[in-house]
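Order as written gives the chain letters A, B, C, D, E and F; numbering starts at 1 within each chain.
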């Protein structure tokens, strides 16, 4: 039986708690079952050097995990003196995904930074981060609008992310840690409610996958993403 | 008027929520008003090189702050590639304080690591961290006992920490960020319920302080610490 | 017209020159058009700590680019003091892909390190690296066999990699730098000759992509990979 | 018997040798018994970014120890690639202390950097550094005045520092290394000749301390500081 | 017998292949026997801070070695996070040597960066680098002239470099790796065709050397450098 | 006129003060005019990995400069997080030179570390370091002998170092900072009293040098080294 007594294509309970930070322009705590990520969106009225004078805005992301977010303690990256390859890969994925969610050309010369910090990790931290980051980003833009910094919201493309995998020969959605560490195939999907894809990263962990398996995983993922974007819409009103 | 409509020698509302982490041997979320710190205590059955073969245990601490815990965003230390002097100073203080709380010679050859991660910062993050860390440490020891790893708890010395300062000519306890940044004198005190001191760090920020001022600050701090150790005792049962 | 006067689903000229290093156990220079990567495979009779005593072997990869491999000079990563996120992401991809190419459980307690150094970059450096790395890995294993270090080759799964993209509304295979930097969608595919997939990484650069577009890109990629594995087979005899 | 056959509240021989550097604007070699620190004060006609355009000056400090200043050799921090937490903590203390010694608002837009390099360490390196740094700072200001860079000296508050501890049940002043490593309580005090305090850092090393012990240590420390400021005054004329 | 069946004062086969990089302003692959170095010269229309506004240009060099350029694999410097002392020493030598080859005062406010990357190392990588760098530098200047960036070439001093050593009691020129690692004395010489010296670095590896030995080594080195500058001249036309 | 009213081939006043460190096995303060270097020799009863089990000992060196040893302040290398190329080059030179001074095969399985820290720099810091390091090394060996750690001294080769240059058309020995920064040619020589050479590093700073100039510089250098080894012998008794 899967955790939370759910079926193969069901999500774990999803909780989105907006406004958890007193200071950030936008914030949300996102939970996918026991996975908990605190996402803040900070705004700055400047852009990175390569965009200066071009009128466009920028969206970027950073990802971190508390040392004891996991079953056993990991060394703190700040103490180690560098971010791991895994951290870099994940924060690059979050950044690219969120840049697809907002029309940068109408954002104005400002930068939105999404900090995704994992408080507790039970699989799916990158997909929970992206799903939460969309909410934090919208909340930050609304707060900029309310403060009169921007007159209207830039064009937004609601999107969310979910993991899919082949575990014990079965396509499953939203893997927890135990499933993730034994999956034969692992696929992370970032997409919109209407099934258009932003990022698709599939990896054969212990077994190669053919077209049929890919199709089944994408089907499962896109269906789950509709539920996630619905949950986002509910929180955002 | 001070925040939370309190008097000069009153604490902000203190909330200690034990067991917030599903994985850590001991954990607590500690709140001093708007300051929130997630503290976990992780145990390992080994000691650092300088203690090998000596029978004694070890307690150490690490401190971090989420980039947007504060009014404006700070650069992530893992991205910067090193911890700031402030971070190092604070985590050394937490470690020394907690080593005074437990009899290392009866702890057995194991290490307890206290991770204090600031989710939101409104002044007093180091004192909240120490106050919470004592709770997390006791919970971790109890969990080791329950698991049969240790047969009885080592000797414990309950302790807590509070900031004191001179603000607008008045001795105040448990400064929030606004008070902290304008205080003339700033003193952090770590002590036991019966008034014995573990650490005392006083700094003249804008004005030197004499014996009389020192006495008044220590009086205020020790009284506040009694309330904090009482709150710890209530949570620990 | 595309570079090398080729059609949308054609590869650039592929050149695999084996044995370019006098010292490495296996080596190849791989060219995809103007992209040139020097790949060496080094063997060591030891495994990383997490595999010690487990009988299994290990395959890992590192990736680098000469400072002036590109149109304008990039700062040397050793001078900067760290590898970029892009470098880490690519070398993790190469390592995962090649671990799928060899049965680690029959490799014996040894490590194969694939160094992929880009001498000249005109798009597709990661796919050229993977395609060359398979050749270097097989050559290294044969050299171990010849030296009597291993009695027979571990089970191998021939694989190669190619980039696919949507450029000017058209699915194109093996993008060069100019196409890559203007593509609307960018997908890297690692797969076997018989169409089983190892890695699939699709990114919406300027335009989201639907199932139909995904299907067309995967079709184009798998067909191209057949040609690449044929080229590998020819070199390997 | 204590080193140098002194009483519990006596200092080790204090030697202040001004002008030891041919190049620095101000310099002194300070000796507390066998502890020797070379202090230079360098001046620059610019301020750190956070003070630009505010008219105020700045004072900062750096601290280092030669690898073989101690009984056994320590690794060189430049070779290790980072400063230890202890170094950072000490140099932050020196900087804060010296900023209290000079009225920054009348210093003009310039920075004074105090480099405290320990040539030989026998306990009390931070207190010797602060005591010497005051001398070096005054000498540097006088040299600026002589050069016509400033027309008159900013307002100065003479200060010095001393360590106090409880060793074998007795309050002792100016601990040497042997005492320091066995002290039950360790307190560093920075203060003025007339008993106003700048920094007070007390640590329970092996035994908690009560108000009475704190009082006795502060008494001992303030009395010793009078002797140190007298020694400074003699050197400064 | 020496490698390539040559006499004590003979060079290994020297191959200079110009134009190996499609993008660099100047490039050459230089081979001294089995030692192969890819040298590119990149030009930038700016100078380092210490030369700004002085009208002079700058020449600098960086040196790297592919991890498996040697008999056994070395750790990648970018992964280690720093360049070794050997790398720094070599790139400083190359930079100084090439600055002597071009009149910086007539170069104009631009920087030429020579990247010397060792693809295969069999001794003499620094001397091959310098010899190749002169060719790449001239080619880059010609390309600037052709592009109209400079109207005429700055004054050039053709130079080359060779290693000399005492091996088995005999003065030998252009040592390969086996000779280099057993040489009693090792000397690297950078000089012009007419015997004027730019750099001379002699080291007693296992045996001190007297004036007579020095004289013999310099004689051997200068004669070999004439052959190298002749090879450069032939390639440069 | 040269500093200290000396002739072209004269040294600055040389002062060797042995035993300046209370803790190091061997130590000396060496002065060449205004250049002052504190040299300690630390001994450890172990060898680096590449010598384990081979019976041989090791000698190594580290070099540093106090931030204000020079006319203007330099950034502290420990704060920068890395040693400069210049530092690395110098400490490698010192280490190689001192390894030639002692028969490593009879030193026993121990390491001697020479720390050369420049307190004041007026040119010639590397040559003063080497000259002092020989004294510190002998003193450390004698202290090991006295302590009974070694029964007799290993075979020693007394050596010293001096800088030579061509300044204003004249060969000069032991350049001070002003001469060093304007010299046309700069040569550092490490040699024995009887004229055998250990290291020879000549650099054309602003002017190439021919055989005749080289000969004159080596003559001047060897003569000066005789005076330096005489000064060493006097101190060592």
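Some points to look at:
Rule of thumb we're sticking to: a contact is a pair of C-beta atoms (placed from the backbone, for glycine too) under 8 Å apart; a residue touches a chain by one contact, two chains touch by 3 or more.
Listed by chain with UniProt protein names: A, B, C, D, E, F = Ribonuclease PH.
Because the structure is a prediction, the values reported are computed rather than measured.
Taken together, chain A and chain E share the touching chains C.
Steps from chain B to chain C, taking the shortest chain of touch contacts, total 2. Most remote chain with respect to chain C, judged by CA-atom centres, is D. We define each chain's centre as the mean of its Cα atoms; on that basis chain A and chain B are separated by 33 Å.
Centres computed as Cα averages put chain E at a distance of 28 Å from chain F. If you average the Cα atoms of chain D and of chain E, the two centres end up 50 Å apart.
Shown for chain F are the residues in touch with two or more other chains, namely 81-82. Think of the chains as beads on a loop: from chain E toward chain F, the beads read E, F, D, B, A, C. Considering their complex, residues 82, 85-86, 88-89, 91-92, 96, 100, 157, 187, 191-192, 195-204, 208-211, 214, 218 of chain F touch chain E.
Within the complex formed with chain E, the residues of chain C that make contact are 21-24, 27, 34, 38, 40, 42, 44, 62, 64, 66-73, 76-83, 87, 113, 115, 117, 119-120, 122.
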